[in-house]
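Paired with subunit B in one complex and with subunit C in the other, subunit A is shared by the two complexes that follow.
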Partner chain A sequence: MVQIALSVMENVYILLSAISAFVLFGVIAPLHKRKKLQLTLSTLSLIMVVIGASYVFTASPFVSTVSLFAIYPFSMFFVILFSIALILINILSYRNAKDYIQFSTMLSFIGLGLFAVSMANSLITILLGIELVTIPTAFAILLNGKNYVEAAVKLFIMAAIGVSMIAFAIVLLFPLDPQLSLSMTISNSSSTATYLSLLSLLLFIAGLSFDASLFPFNLWVPDVYAGAPGYITALLAGVNKKIAFVALFEILFIVMAPFSSTFALLFQGLAIVTMFFGNIAAMIQDNVKRLFAYSSISQAGYIAIGLATATAYGISASIFQIAAHMFMIIGTFAIVMWLEQKNVKTLNDYNGLSARNGFAALSLTVFMLSMIGMPPLMGFVGKFLLFTGAISANLLPLAVLAIINSFISVYYYAKVILAMYSKREREALPADASVNAVVWICLILIVLLGIYPQPLITITSISAASLQLLH
Partner chain B sequence: MMIDIAVVIPLVVAAFAGLFMRDNEHKAKYVALGGSVASLAIALAMLFNVLPGPPVQTFQWFTIANIAFNITTSTLPLNMLLLMIVAVMTPLVFIYSIGFMEIPSEQPRFYFEMCIFAAAMMLFAISYSFITMFIAWEMLGITSYLLIGFWYRKDNAPTAARKAITTILIGDILMLMGILLIGVVYHSFDFQVVLATPVQTASVVALLLILLGAFTKSAQFPFHEWLSDAMEGPTPVSAFLHSSTMVKAGVFLIALLLPLYESAGLLPLILAIGLISAIIGASNAITERHIKKILAYSTIEDLGLMFVALGLNALPAAMLLFFVQTFYKALLFFGAGSLMKANAEEEDIYKLCCSTKNKLVFYTTAIAAVSIAGIFPLSGFFGKGAVESAAMGNIAVYAMLLVVEFATSIYIFRWLFIPMRKSYDDSIITKLSYGAIPKSMTAPAVVLAGAVISASLLYQSVISYITPLGAAAQGSAPISLADAIIANVLALAGLCTAYYIYRLGHRRFIANPNKNLFAAMYNSTIVNAAYLRIVRSVGAVAAALSALDFAFDASIYALGTAFTKAGYLARRMVNGQVNSYALAFVVGFAALLFVVFVIGIA
Partner chain C sequence: MANDNMIQIPFIALSIVLPLLGLTCLAYFQDYLGRRLALVFSGLSVICIIGALYISIASGTNFVAEQYSYYIPALSVLLNLRLDPISFALSLMAGIVAFVALLSGNTEQEHEKLAGSLILLFQASAMGLFAAGNLFLFFIFWDVGVVAMFFMLYMLGSANRRRAAMKFLLYELLASLFLLLAIMMIYFYTPLHSFDIQYIIQNSQLIPTGTQLLIFFFLFAAFLINMPVFPVHLWLPDAHTEASTQGSMLLSGALTKFGGYGMILTFFMLPMSSQFSVFIAILATFSAFYAAFVLMTVRDIKRIVAYTTIVEMSIILLAIASQNGLGIAGATFGMLAHGFTISLLFLAAGSTGHMFGERDIRVLRGVVKNAFETAYTFLTGVFATTGVPLTAAFIGDVLIFMGALQAFSLFGIIPLIALLLTGTYLYYVINKSFLSTKEVTQNINYIGASQRAGYLLLIACIFFFGIAPFIILNLFNV
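Then we have the complex of A and B:
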């Protein structure tokens, strides 16, 4: 075998140039307006990002290139994960976006924001990254025409509130470290400093809970998820929500580490109310897209359990569940979007789907079983790790409530499955190649990493452990 | 990595490839046959150590709370013995099925289930950890359920399949409990770790649970009745299930773990259950009339004898019987299937006739019958002789084994002689189709007849191959001359008795059979009645529970209503107004401030 020996720095340059290439291709796309070319270029550059990042991940270096960026296992894991998600969204939007070229430009900004937050070494980078993710998403919704103005405006206004709260939070920390580096030390010495830091912590939690869709900062979620076109809903649920969790990990466990007992307690409460809100509201939904919007809210509640444990094991469980839910929800919304175009929207429309398109019904069933937490699927492993993490952190009540929530969720998932497999003869639905490609990738990942999760568990625990190194 | 797992892959690939051959359904059998031959080739490569790697290979699946869930495989002699048995029998059964299974539309399903069944048994054969073993064990249970209920349109097939799966699942649950207990006690599921650790009190319970699981799978008393009902499946399935797969799994597992059972002091239990099952099997076989059920009871008896040998801590003797039983039992089933096919699917031995018309079928079946009766020099003699010789130290056990030996000889020759009679009823004779038995059904029988004869030549080499297994070096399996003479005389006496009564027609012995004696011997109905009573008493408990359930239901319903109400409340919150969402934002932040600064959790 030929070994290509590259130094760590060279690999970092490859990674950064691949990211730049992805952004550049997105920006110049409106100049040539060639859809196929843009799809190829952006997918290839994202694959380069994945390759570059995994080289640096396995080398496990700890390079702080500019003070704004840090390259360590945690950041590289999320760069890889988000690149894969972006590839999926890219394929999904190719045929389904009203204007793929312009969406592609927006997607490149979103990608830049995602990578910036993942690799952030400074609070300013996080702020810019979050803004780069949310604002272009609102514009991307707007690109689809007048019908989508309401969702876009709602997202924009709520994003503005969220981002401003993060900005206030950062301002409060300015006196402690003018560089606003993540490795700043929060002193508990004077009471005023503690007071300001705590206020900053709460502003961060509130501001990021908006994107992470934690109750009660998430009331916009069902409207926008249901009002946006399906591929953007997949983006919102699969990517935007996850990046808020990444930012929360970085801020809470690096900057705010001294207050871990405080925010752990807050996240216990947020996790419980979010799980119950999502699951109970989903029970009465008739519109399937809205149902999955609420279901993804409840999944955010499960992910928040890892934050509530405030242990390395809990963080790695959360990271695992983030990856699991990303693939489940992107696959789900891919199918939901495709069915929406065929005017199949409500539970009643879903009746007899298995006879109309067996693959869609089967894969949607697998995704839902995974969300319920059925072995041997990826969702089971994620939930298992989260619940055992909560129990080992002496949060048995939280684990019990989470398990009760899992049972509640069976109700509405089963409703959809039963509808799909009930007998009603109707005309067949022709499949869509790009939707099927995305669904296949998600399916394979969910089944494979459900049966053999050990590699991903190892990677997530390395990532979680590296988070504490940055301080 | 585990290269040993490769032996399973061709069969699994063939299974799925055949399943998707909608257009050429009749070709599924060749795909399955090809897969089984490829698996045999890989198994041979493993036998002759062509494949790289150490004998025991471990692949870490995942680790939870310091307990490693490993997929471990091994090519140690004991594992290879079973693997070779399965690998050799699979192509033979598949060839036999080509002639047997004529309906094209059923073929893809049949070969899919058979391939997975064989693959599960091969995985079981090479498994060397409880995890791997249990995966294969469950696959065996599910595929056997599907295969027993294969003719699901027949009246009895679904019932029989349900009975089998119920019994087996009871065993599986006990087994799973035992395995989990093993994990808690030993912090490992690997056989080499468990075998190397001294037995503790908790592990005795675990071993007992696993033993019960093995008894259900190997159809030992009191879990034996499912096996005779399992005859509802197609004959190739019976031949496969009784000779090499499924029922052998329980015996094999106990044989692997025998050192543990020895130190746990559970050997007398194994011995007792084995003896009871052997006697029940033999007595039912003498009185049964169904051509395949006689063989089923005979299998229960054979497995009982193997457990007797294990109970006497005579592993080589048990494994020798394990080895030779494969060939004669499969051959008997092949013969039964051919006879039934020639007699328009008649199953009652008293209604079958003229079995000598097809010489090839008759002589191969006769060879198998002589072998199972334990007559020198066929291979059955060596297997049974080894077990009996091991029991010679215990005169009571030995005496019972001799009775079983005599009974075996009677029932098997009864089974052979009664269908030989000629019929003078033209309506029956015109239905006979001995000429129409295809070559694909006779050819594997000839091969097996050869194996039955030549397996006696392998007697010493099989024993010496098993013995090096480190954990159980009990030496050889000697056959004492005295036992050889006594057993052969008894077997020949049985042959003469059967000839006198059933062939020459001196039926005055059984003209007025003693009803009580008959009932005692044909106790299948009694056991089934006992099963029914147990089920009914469970039903009574269930009825009592259902009263409780009503109250439970009502409270669940109330809870459900409450949740739905809460759902509407949640929906009212999401009212589409951005300003109210912003208000919620503010309220949420205020709540955070309140919790931290007023209640003061910081």
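Then we have the complex of A and C:
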């Protein structure tokens, strides 16, 4: 434990009270039912979370609050990142959600879950956090009416299976440390304990792979992504998937660190099959939303490369790519949602989009170029870090396969770009202010952090290194 | 390095930033003013390169380097720019070609704003690529150039352009992925983990031999696709047939030089690659003959000119493979000459297509009657391609074949026959369709003053560097 100055403690209080305020505003929203007030209050409280967390991040303290939460650079980075994502989703849902007030209540639960997982210091916190994220998401889909029941039920069942696997994995570790703290030591003293820990490791990976959409567990992803309304798809792809990776980082690199060679091997396989599955399936899609669902599966495969390297460099690369993909996919699904409302869904409908709304076509092109990994955009830096991480960990074949995948992905991204820039005169599509706001924010972040990525690389490497601190 | 008493102007950085400023002007000002400002900025960028050249000559060194702060300290990527004799020649050429394309390439006067902004983006990327001091910047500028060129091919050009643009993109992205892999491997196997080209040149022998072999294979594949040389050249003729005049000028004039420059760098960085030089020379010879023979079956002027690019680039690959001072100087000078010549040919061919609505040599007759400037410009371009004395290509060819003679003895000059075959066919084309006046195809359009200015500028460059080659060649001897 490190002695902390009072001012840092005050900042921690500011952070925690801002999080509480965010949740409270969400819970009391149905009582007043004022949309504008709720949007303002929740956005302001999230901005307070960002400010509080960044003060604590720069101070780099290590606080353990009742042994359930830990405040260290890694957790604070993800608190900041998820707060920004929640602000974006909040703006996006303001006009587009069928019932913004009720969605906002669900979003506050989701936010609590996100912050809980990010700051977790105990396996129980991770379990509760994952539950708090996935189950309200299923309800949020359901809020939109009868047409969305299928997607909601599918997500609910998959979430239930995932959570029960995680619960079982936690139970197996109970004999080792009744407190279930992340800093538990996994002993290799008796072979029984080792086998139980290995089984627990596999169950953790399987349970979290449902949310992280890694290969054998991701068959639900396209259906739910395509079936859910656009702003929830953005939430699913931009936030829910990322929180599973955060939980994986915490469990694998803090609790399961002695088994790093085992899970590194496992993740090499997972990364390869996930990338190939996502990219090859995306090639034959006609519905653009489904295409991006598969593309986001392949992106999960790229992120898994960082886990496969099992080095601090690889983790920081993964964290960078998580941030990059979060902004790319939220911006993309914002545009896709807005177009879906105008009944523009298939590749054929996307023909001539540039003539109908130039800004939407241009920004979607930038997002897709970033997903391909074109410099000087954020996606390029992320992929570059990931691939160099793989090469530095002596995983050259993995890097080669990942690069081949980047090449395959050009095919379907280019299909969308080509459709948008083909000439077909049709009536103009009026822009939507909230969608444009979200797209602008994502666009600026992707271009700026692509041209000058150094600050974010520094932050991610501090975060990745701080994972060791908790042990 | 520049003397201390000289005013330090960051010429190289300016040459990259100015086209981007022009792009901003084009986007924000009214059409007329925007276009003028874009031209001014594009020209200023070329003048910056000349300024850097002047500094280098005045200070008696053969390179100018500029270094700014760290770009990405975490990866030890510096923001360093460096112009050496090779990149001086190439960036000067690329800048002038882009300027002329902006000035006079758009004979149809369609989509001027879009075309202009893509040209300026491409110019910035070309200037950056040739001046990049480390491989990270090299890769970034490479991909920006490829994307700009892709949009140029996709959005501007004739009816079947989309298919050709897609083909171009797939080939070029494959190349850029090979390049990325090679760059990452170099980064991790050099002792200090550096992207800096000068550092890699000095320390590459510390990389394990097997890895060097792999890196060489990746780099060679990437640059071979871009140059393009025989087995991977298929994207080029299609792209040129469908591209707009401006697109063709930049594609052959500047983009293929990315590969040539990269190939020279590969041989500098990995000395072990000289053990393959004989095989590369055989490939280059075969490619030159292959392209020359295919050329003779082609009837579209732009496609003919496109195939001459493959012939020329194969010969430049031969010069690079010969691995001696003459060869490198010849490859550089050959690329400089080829850049001017090929853009002149494409400008003339594009103007012909615009004026007569026809580019097929079986139909086109008597161009000289109604458009004598274009006909004689094309003739000058053909002279320059075949290396008639006083044109820049003559100096390039002499150096290349002297280098090849030195390295491969008499076998080295076999590709000269391919060049002669190409020249013969080009004279036949000229004679049959441009200069014969038995029948005359009627004009449907006329060219303007800007096209004439473009012709003049490129012809002036061709003869200037043909008469005064020492401006570039002196740099090699310092």
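Just so we're on the same page, the second predicted complex is superposed on the first by the 465 of 471 C-alpha atoms of A that agree within 3 Å, B and C clash if a C-alpha of one lies under 4 Å from a C-alpha of the other, contacts with A are read in each partner's own complex, and residues count from 1 in each chain.
Going forward, contacts are C-beta pairs under 8 Å (C-beta built on N, C-alpha and C of every residue); 3 or more make two chains touch, one makes a residue touch a chain.
Worth saying up front: this structure is predicted, and the values here are computed from it rather than measured.
Upon superposition of the two complexes on subunit A, a steric clash is found between subunit B and subunit C. By the touch criterion defined above, A:Thr40 lies against neither subunit B nor subunit C after alignment on the C-alpha atoms of chain A.
In the overlay built on the shared chain, the residue A:Gly269 is in contact with subunit B alone; subunit C does not reach it.
For subunit A, the partner that touches more of its residues is B, with subunit B and subunit C as the two candidates. By the document's definition of touching, of the two partners only subunit C reaches A:Leu396; subunit B does not. Legend: residue contacts after superposition of the two complexes on their common chain; A:Val410 is shown touching subunit C, with no touch to subunit B. In the superposition on chain A, contact is made by A:Met283 with subunit B only, not with subunit C.
When the shared chain is aligned, subunit B comes close enough to touch A:Trp220, but subunit C does not. When both complexes are overlaid on chain A, the residue A:Leu198 reaches subunit B alone and has no touch with subunit C.
Of the two partner chains placed by the overlay, neither subunit B nor subunit C lies in contact with A:Ser20.
In the superposition on chain A, contact is made by A:Phe210 with subunit B only, not with subunit C. The superposed model shows subunit B running into subunit C at a single listed stretch; among 93-101, 327-335 or 543-551 it is 543-551.
Overlap of the subunit B and subunit C interfaces on subunit A: residues 388, 452-454, 457.
For subunit C in complex with subunit A, the residues that touch the partner chain are 70-75, 139-140, 143-144, 147, 151, 154-155, 162, 166, 169-170, 173-174, 177, 180-181, 184-185, 187-188.
On subunit A, the positions that touch subunit C within their shared complex are 369, 372, 374-376, 380, 384-385, 387-388, 391-392, 396, 399-400, 403-404, 406-407, 410-411, 414, 418, 421-422, 452-454, 457-458, 461. By the touch criterion given at the top, residues 153-154, 157-158, 161, 165, 194, 198-199, 202-203, 205-206, 209-210, 215-217, 219-220, 222-223, 259, 262, 265-266, 269, 277, 280-284, 388, 408, 452-454, 457 of subunit A touch subunit B in their complex. Residues of subunit B touching subunit A in their complex: 60-65, 563-564, 566-568, 570-571, 573-574, 576, 578, 580-582, 584-585, 587-589, 591-593, 595-597, 601-602.
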